[in-house]
Amino acid sequence: MTNHWVDIKNANLVLIMGGNAAEAHPCGFKWVTEAKAHNNAKLVVVDPRFNRSAAVADYYAPIRTGTDIAFLGGLINYLLANDKIQHEYVKHYTNAAFLVNENYTFAEGLFSGYDAEHRKYDKSTWSYAMQPDGYAAVDETLQNPRCVFNLMKQHYARYTPEVVSNICGTPKEQFLKVCGMIAETSAPDKTMTIMYALGWTQHTVGSQMIRTAAMVQLLLGNVGMAGGGVNALRGHSNIQGLTDLGLLTNQLPGYLTVPGEKETVYEEYLAQRSLKPTRPGQMSYWQNYPKFFVSLMKAWYGKAATKENNFCYDWLPKLDKMHDVLQVFEDMHQGKMNGYFCQGFNPLASFPNKAKIGGALAKLKYLVVIDPLATETSEFWQNFGEYNDVDPAQIQTEVFRLPATCFAEEDGALVNSSRWLQWHWKGAEPPGDAKGDAEIMAGLYLRLRDFYRKEGGAFPDPILNLTWDYAILDRPSPEELAKEYNGRALADIPDPKDPTKMLLKAGQQLDGFAQIQDDGSTACGCWLFAGAWTEKGNMMARRDNADPSGLGETLGWAFAWPANRRILYNRASCDPAGKPWDPKRAIVHWNGSKWTGFDVPDFKPDSAPDQGMEPFIMQPEGVARLFALDMMAEGPFPEHYEPFETPIGTNPLHPKVVSNPAARVFKDDLAQFGTAKEFPYAGTTYRLTEHFHFWTKHAVINSVLQPQQFVEVGEELAKEKGIQDGALVKVRSKRGYIKAVAVVTKRIKPLMVNGKKVHTVGVPLHWGFKGVAKNGYLANTLTPFVGDANTQTPEYKSFLVDIEKA
Amino acid sequence: MALQSLDIERRSATTTPSPSVREPMKVAKLIDISKCIGCKACQAACMEWNDVRDSIGICEGVYDNPMDLSADSWTVMRFSEVEPEPGKLEWLIRKDGCMHCADPGCLKACPSPGAIVQYANGIVDFHEGNCIGCGYCITGCPFNVPRLSKKDNKAYKCTLCSDRVAVGMEPACIKSCPTGALLFGSKDDMTRHAEKRITDLKARGFENAGLYDPKGVGGTHVMYVLQHADKPQLYHGLPKDPQISPLVSLWKGMAKPIMGIGLGLVALAGFFHYVTAGPNEANETEEDEKEEQ
Amino acid sequence: MQLTRRQFFKVCTAGLGSSSIAAMGFAPEMALAEIREFKLLRTTETRNTCPYCSVSCGLLMYSIGDKAKNVKSEIIHIEGDPDHPVNRGTLCPKGAGLLDFVHSPNRLKYPEYRAAGAKEWKRISWEEAFSRIARHVKDDRDKNFVAKNAEGATVNRWLTTGFLAASASSNESGYLTHKIVRSLGILGFDNQARV
Amino acid sequence: MSNRSKLVPRYSASERANHWFVGITFILLALSGLALFHPAFFFLTNLFGGGPWTRILHPFIGVVMFVSFLAMAARLWGHNRITEADRQWRRHLGDILRNRAGHLPEIGKYNIGQKYLFWTLVLAILLLFLSGIVIWQPYFAPSFGIGLVRIAVVVHAFAAFVAIAAILVHIYATIWTTDSVRAMTRGTVTEAWARHHHPGWYKEVSKEAKQA
């Protein structure tokens, strides 16, 4: 999240779109009801279903699943057409005035540089027009047709209310009502907060949906404001933490990136990532990349990482391509994988196209499952009748299932959506012989290290030299690991302002990432978390919930990255002169000598407003990007593309380019996409508030609250198909079928799309063949095996199904 | 407000007043349906605190699970999809459970002394130790709340967490409610808070928003803020003007003295008739004369 | 007194009736009111965070015993932490039902192994589990480790084993997991953030 | 042996057994019913082993009584038809009570009082049975609407009141008409009793005795 949970109460308008906060994050949703009750806020919900967020909303508008870019594009067009934007903010804090490369074009659904054969873009033309002095060219007057502002206006001019209503199925007057309510927050002292989740991420154009929302918030001047921002409601309790720690195919801790196989020269690897400012006077914070990288390698390989061996740069595996879960299971399905570890993850239930996942797992030599619960994945080889019809004798995979502790049986820290690192304490012993995740990983690692010490083997160096200075070798304590990722000084660190004085003595914990050095004199597991465990102790365990500003800024509670800052880009909550846009909700301001306020300023503390440093300090140009340059796979401006399984079979904006041209699709998956003829209804999967994915079917209370698998069907479709409320129905997609009880409801209405009536069928995903709830089909039997062009997040939210009485 | 034998306002099947000199604060639970997202946290918290687990049932085509109150589910969410104005769909979700009436129908109907106790703070609590399982409370309750357990034939319902309130804490469901739809406090505070909520709702277009504190049962210690207070039946059959059924009032009110005195009189009438009019004897002499005639 | 046989009967029955009431003992004095004992009185309170979604609701966990050595601390109740600035003591239905996750009948208790083609689990020791898994890892890594790619560039990667990390485990185990997995050269490495 | 000591058979052994079976069950029902009806009588539950047992036994005994009462009613049905003679008696009810029996038509096996008692009990016990089923927790009550249960509860109470009152009158009448108990304990009555109280019935019986 750019802001945080409690900050939602400061909003004047809350837009819940691409998410269902009331069901997926009920206790976070409290702050929406608080905003309504104490801030006279309005709640707008835009969703294919009238869900439980809509139940308490002031206004609900239906939308066809997968068309959020059309809706938001139409909204941008509305804001620009009615001049409802925060002009000062847009001019100073976004790249509206930047001039774009003259070769950049967009026509017939494609941007310039498209290579159809590789379904990729050559993105060189998606750049700024550069001035001779190496800085980007700008036109402050916004008159030049090539400036971002005008190109954006021209791009979204096509998204008229009629076009939006035709694509999204949202009745025109309802779309215009939502636009009207949102437009009001363009006033400097009015803010809107957007709360989204997997409703936006789980599409083949998911990332671009979120970008469009960010553009809307930038045009309205809401980013950096209290009660504003673009807020991702993340799923798991520590999904933010593991993302920050970089447990992803192409990531290292602190959003550093794994080198590609072409980056053979260490200096070029660093240069590529420590971006120099492209506008005068900007901070472009990523210039510090080398410090963070060197300190990471010192933390991992200690003395073995030296200047001479480029701090073990070559010990890191180099990427040939992204090995995200879709790629891995595609390779596994082709028999190229031998082993797989599932630590607290249930891929058979969580990944799309369950048949392919089961088939792939069956080709493994060994599978290791580490989990507190008996998951479906651990018994993918077992026959559970129609729920998992396999023959164990045919499956030669050896499976190890190791019992892990759960949250209540271990100390440690979790990072929530608001980037708060919070410590928790163990309250009970684990059942039986269960061990903590760290203890299990240590056990495996120490065995492996012994084997390599005794027998040698392929490239043992990183294994043998991994730092392992824990008091109890096979039980690294959470405290030690937390101190390690916070970082410490390896040698005395002189104070830059006064070299005679020492900032830190060797062995002391770092106070923050400002103290990280690039000469190997500091070690830091994750620069972003520096400040979590300082010499003053465990900052994550702090429990002072004082809120002096009344805006929910509890800086004394736990620790937030970066540097305990609670609202990102909060410099943008002030006008260029440093005065807050909305005095009633001031969080930071310039007091003449430095930036100060209720939050840690997201800015260089002593940089006076007139020095021209802009709020978005991570960007080389210091301003937010309406034009995304080459950072996105399918275009600098978000464009509406249909889901791969589209109910209308075409794209009204550009029939020649229907779905995302830059999305990666494996050959045999292309054949497994259904068409609207065979599967006429739009299917979507989602969660219910009573269950958490596939865990709570193991908990009696939650299984009592939602005992049995069901699908939601609109009254009209049910009447058409003769489906009675409560009857058993069969829902089929190209990849398989599920049977479930039908919940016939008024809350899903057919939508008129492109002259055709599109029905939506809702498929909650909480059931499986392990647990105390009634057994059910894994919902991902239906979902397509294709992901977003940037993140590879599978398209769970939009696919095609047929439904009939079972 | 420690709740024990000195704080009893009324006790079932007890014709003499119970010790109730103390005047503790009257508590109340406010259910603000306009803030309720139907997440069932209250059901989960209730089951978990009271260590009761209902059986894992089936889906009957609606979100209501379990479908009805039971001896193991003392509160359930009832979902109703309604369109008060055509085209404007509303999903009204009501937390069903004991209303803790000021004049409890269950207590009036209960024949077993001490099985149902109304504390001075307004909580109506079942004391299953004295419950004989006759089900009269079900007959008496205007809101159809008490349920008999199949396991032990005792009646069960929401206790408003009398054990937590007794040590000064709020009920489990109220503490858990994520959106603040459930509130706990003195009945006056809750009524005042409701008024503020109602003005807010009226401002958002619900002209008929209002407080549901039915006088028919003397007011309740569980109150609703309804968006449509003029049509409570929209909320899955919330009774419009609930009161103890006149039949029950007759049965447990007038009938008792009539029956008691009536039978007493019949018995006494017989006795006094005997001592005054004497026995009805067939004396032999009279028979002989008749014989001869 | 002269009792005819019938009168004798009458007296006995009356006597029997009244005495049976006495014999059974007039109903024992019923307790006027009985409030359930407050079940958390002497339990141990621990602060924790809900493992489910990313709101990070603060929890109060109550386990039996006062940390005395001879007590196996078992959690008997979980409710919201009123001091936590986000949830302020509230919990959603998942959080309020956490007790049933901690005590789920499906909690795994012992390392288990399923042989190729087998139909059931076999319980094994931790020792055996670590050794056999480490052996699998070493054999597969040594066989399929790629030090240099086709163009001769140093890549040091191992693609034939993948790893899925838990998005509900703590930062500490996540950090340790990343340190180990990346040092093996694994690139097929993800967590729930991907989906 | 003088006609005074001559005895006239009135009730057979099985009739007597049936009557007392119904009688005893009725007493038990009345006691347990009163216990459940009025707090003052709740102590009576101790006769049945406490509150729950009272609630459990009452309906079962009720069914038993109803069945045995049906048997008795079937037997006495014929004798209890209200005839013209009975109506005449009814018109002079006040004198009878003051033992000033005028010359009225001869009484058959049952006088008008007994007949009214019979019909009252038939109606009351039928109502008790039906309403009893409706309020019988936990077996039958759940399958009836709450409105019906509420009506049934009042009907049950009222019918019970009537039945108990009727039985009190019945018991009193037996005490009041001396030497009546023997009819139901021994099965025979004195000839004088028969001639005095039920002349019509007496003539019939003696005629049959002559023909036999």
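Letters A, B, C and D name the chains as they come in the text, with residue numbers starting at 1 for each one.
Quick note on the criterion: a residue touches a chain if its C-beta (ideal position, glycine included) is under 8 Å from a C-beta of that chain, and two chains touch if they have at least 3 such contacts.
Being a predicted model, the structure only gives us computed values, none of them experimental.
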| item | value |
| --- | --- |
| Pair joined by the larger number of C-beta contacts - B-C, A-C | A-C |
| Innermost chain, where centres are averages of C-alpha coordinates | C |
| Mean-CA-position distance for chain D and chain A (Å) | 84 |
| CA centroid of chain B to CA centroid of chain C, Å | 36 |
| Cα-centroid distance, chain A relative to chain C, in whole angstrom | 29 |
| Whole-Å gap separating chain C and chain D, where each centre is the average of the chain's CA atoms | 65 |
| Multi-partner residues of chain A (each touching 2 or more other chains) | 26-27, 30, 689-690, 700-702, 705, 772 |
| Shared interface positions of chain B, touching two or more other chains | 39-41, 43-44, 47-48, 113, 130, 178, 180 |
| Residues of chain D engaged with two or more neighbouring chains | 42, 45, 50 |
| In the complex, chain C residues that touch chain B | 30-39, 77-80, 82, 87, 89-97, 99-100 |
| Complex contacts: residues of chain B adjacent to chain A | 34-41, 43-44, 47-48, 53-63, 65-66, 73, 81, 83, 89-91, 93, 178-181, 197, 200, 204 |
| In the complex, chain B residues that touch chain C | 3-5, 7-8, 11, 18-19, 39-41, 43-45, 47-49, 113-114, 117, 119, 125, 127, 129-130, 159, 162-164, 166-167, 172, 175-178, 180 |
| Residue numbers on chain B that touch chain D, as the complex places them | 13-15, 111-113, 130, 132-136, 138-139, 144, 148, 150, 153, 245, 247-248, 250-251, 255-256, 258-260, 262-263, 266-267, 270-271, 273-274, 277-284, 286-287, 290-291 |
| Parts of chain C lying in touch with chain A, wherever the complex brings them together | 44, 46-59, 61, 63, 72-75, 78, 80, 83-88, 90-102, 104-119, 121, 126, 129-138, 140-142, 144-145, 147, 149, 151, 153-195 |
